[in-house]
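What follows is chain A paired twice: with chain B in the first complex and chain C in the second.
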Partner chain A sequence: MWGDAALVAAKDLRLELRSRVVTNQIAPVAVVVLMLFGFGLDADVGVLQKVTPGLYWVTVLLMALLAIGRSVDAEATAGARDMLRLSGLDPAAIFLGKAAALVAQLLVLEAMLLMGVSLFFHATIKGYVLVFVAGLLGTVGLASIGTLYGALTGGTDSKQTLLPLLFLPAVAPVLLGAVRAFEGAFGTNPHPDDGWPWVRLLGVVAIVYTAVGTLAYGPLLEGSDPA
Partner chain B sequence: MNSPVPEKFAGTSASRSTQVLGAVAIVGLALVTFLGLAATGEDQDQKNYYRIMYVHVPSAWLAYTCFGICALASAMYLYKKTQWWDLVAGASAEIGVLFTGLALATGMLWGKVTWGAYWRWDARLTFTALMFVMFLGYVTMRRMPAPFEVRAKRAAITGLIGVVNVPIVHFSVNWWRTLHQQATVLRPDTDVKIDGLMLFTLLLSFAVFHVLYVWLMIHRFRLGYLEDQVESHGLERAIAERQAEARGPVPVGAGQGSGQ
Partner chain C sequence: MAPVVWLRSAVSVLGRFPALAGVTLDASPGEIVLVQGPNGAGKSTLLRACAGLVPVVRGEAIVLGIDLVADRLPVRREVAYVGHASGLYDEMTVADNVTFWSRAAGLSRDISAASVMASMAIAARLADVPVGKLSAGQKRRVSLALAMSRGSMLWLLDEPHAGLDADGRDLFDAAVRHAARELGVCVMLASHELERAESLADRTITLVGGTVHAAPAAENAPAPQVGAVEPQVTHVG
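Here is the complex of A and B:
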């Protein structure tokens, strides 16, 4: 199964390396969003620093929506989904591979965004380990939920509106946990150790949705697309 | 489409049993209204404001029941693959959205007089709103244009995933300990802190709301079945009309004189 997952992840990452949509299109949009936050909050560095974790993760969520749409579209054209089924790969491996590719893309995006908030909001990281662990677990949760809901809404005419409607409420625990953990890591919370308990929530969400996605992806792949 | 729905349901969504059930629900609601507004006394702290509890609490409980049944029916659909379970899941989720909306609205009204604002970032209120949106998404997904099997399977999986949120909502008041009043009846220490008549009225309201749920479920189920019938028969009729049109107009007098 892990070999199949690696194949699918490599396929999605190869598509991304050739098209460079995440780095050349989604990342610049993320930078513009950060700048818009600056305009919206009157470029008050004090306020921006204080709310950096929240702005950072809201931007990640919005960009994740774009990346998930891209991941779903990769299977939506020219019967690619049917070809994937015909390939004989384990559906659970397909889910894990697609989620892993999304994790890799989002981590690149998040690293760029960290530089962005450091530049625009003058935010400084005080707990690198906490940022890494919370960021990784939060991203795994986002990617699992996104891959699952992406497959559920894929191929439908209302995908652009249905995906955010299902995805955003489901990732609320990720946003809650990741923001609280980053508040500890950025020092905007007076008690830095308060960030670590939220990592547990992120871990639970990541494990639960990865397990659910692994189980549900097989039945989802069966049958044709609605379109 | 595999349909175990009896033929007698076709053509109407009412029957003798649903009429009796509807009458029981109306009488029950009248009784709860009398007990809630007139027979029970004022609360020591919240005065008359607490009376909204007789609608708010059963609505919230019923919403959990609806989403629980939706998840169960969704799981059964994935196992049995019958229209019956798909319709049960869809009907229960729609009613759940209705009662979650009612719980939210009454909770916000109560919040206005108790907290001083319609909306506070209380964990249970926030997650109830999120649950409302999630199941609104589920109901929207059920309406996507797709073959029955594809739509029903995706809806079933969405329903199962969505219901993971329900226990988080119910127990969040204990996990996060925010503004929301702590549980009064379902307390971990089983020490129920409520007056006898108030508790009776609340439990009666809970029972009446569930009778109302069963009545709504039967009607929504039958309506869903009829909608599916219209959809499939409507398509057959459209195909027949198109085929007749392709064959060209029937000549005047065609068929006359046969048998002569």
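Here is the complex of A and C:
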């Protein structure tokens, strides 16, 4: 299964390397969104620094939605979904591979956004380990939830609206946990250690959705067959 | 010889619509069967049902010794199927696509992308070209080459001649005849290009409204034993 997962992950990353959608299209949109947040909050550095964790993760969520849509579209076009079903690849491996590729792409995006908030909002990281762990677990949670709901909506005519409707409420625990953890890491919370308990929530969400996705991806792939 | 495809009153439903409304059909090893009929007759659904992509909800269906009514998933890895869409990733190169789908199908790493491409005379210079830049005919060649490389004893080909130029059609027809005559592969193809397809096929069945309208030979073979047909590895090209 792990070999199949690596094969699928490598394929999705190769698709991204060839198309550069995340780096050349989604990342610039993310920077524009950050700048708009800055304008909207009247360039008050104090306010911006205080709300940086929230703005950062809302931006990550919106950009993740675009990346997930891109990942879903890759299989929806030109009969690739049929080819995957005929390939004999373990559906759990397909899920893990696609989620892993999304994690890699989102981590690159998040690193760029961290530089963005540092530049535009003058935010400084005080707890690098907390940022790394919370960012990684939050990203795994986002990728697992997105890949799962992407399979559910992939074969429908209304996936552009259905995916956000399902995805955004489902990632509320990730948003909550990641923002609280980052408040600790950015020093906007007077008690920096308060960030770590939220990492547990992120870990639980990541584990639960990865497990559910591994089990449910096969039936979802079949059930969402447009034929 | 046990039929590769053995259907008795097979029914497949798409939504509420019975796309196959009781199909009875035999296809034997080495036989080339043309499935023809008007639009919406169920030709594509028949091929997809034999490939395990569409469930057979009633009747009996045994393909390559696998009972599709009981569990259709195992047959998928054993058939070579080409549908209307190419199934290729436009942004990836031809070589990347061939390599990925070959590995996904569990083919040996000894089978190179170049050898797969050579089976449909795809120019080596196209290996590094993104699939999205290819013509429809070139994409068709890649899809057919990938299907033929799977080493399946059953090829299910939906409009295989579509988009191919004269050379491509001749090459494809020769590959199908070679596979059927020399390797015993059963080939079922659906086509609207009747003159060409009929010259290639051993017999023709006509589907109308999801049922077999006319079949020259009676379908009277006994049910093959489930698990009796052992998939063999045969590589073309």
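Just so we're on the same page, the second predicted complex is superposed on the first by the 224 of 227 C-alpha atoms of A that agree within 3 Å, B and C clash if a C-alpha of one lies under 4 Å from a C-alpha of the other, contacts with A are read in each partner's own complex, and residues count from 1 in each chain.
The working rule: contacts are C-beta pairs under 8 Å (C-beta built on N, C-alpha and C of every residue); 3 or more make two chains touch, one makes a residue touch a chain.
The model shown is predicted, which means the values in this text are computed figures rather than measured ones.
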Practice prompt. Determine, under the contact definition given at the top, whether A:D82 touches first (chain B), second (chain C), both, or neither.
Written response: second
Worksheet item: Which partner does A:L36 reach: the first (chain B), the second (chain C), both, or neither?
Response: neither
Worksheet item: Of the two partner chains, chain B (first) and chain C (second), which one does A:L165 touch, if any: first, second, both, or neither?
Response: first
Worksheet item: Looking at the overlay, does A:V47 come into contact with chain B only (first), chain C only (second), both, or neither?
Response: neither
Worksheet item: Who does A:A74 touch here: chain B (first), chain C (second), both, or neither?
Response: second
Item to complete: Go through the superposed model and pick first if A:S19 touches only chain B, second if only chain C, both, or neither.
Response: second
Item to complete: Once the two structures are superposed, pull the chain A residues common to the chain B and chain C interfaces.
Response: 225
Discussion item. Give the list of chain C residues in touch with chain A in this complex.
Written reply: 14, 45, 48, 51-54, 76-77, 79, 81, 83-93, 96, 100-101, 103-106, 130
Discussion item. Help me check something: in the complex, which residues belonging to chain B touch chain A?
Written reply: 78, 127, 130-131, 133-134, 136-138, 140-141, 144-147, 149-151, 153-154, 157-158, 160-162, 164-165, 168
Discussion item. Residue numbers of chain A touching chain B in their complex, please.
Written reply: 148, 152-153, 156-158, 162, 165-166, 168-170, 172-173, 208, 212, 216, 219-220, 222-226
Item to complete: Show which residues of chain A lie in contact with chain C when the two form their complex.
Response: 4, 7, 11, 14-15, 18-19, 74, 77-80, 82-89, 225, 227
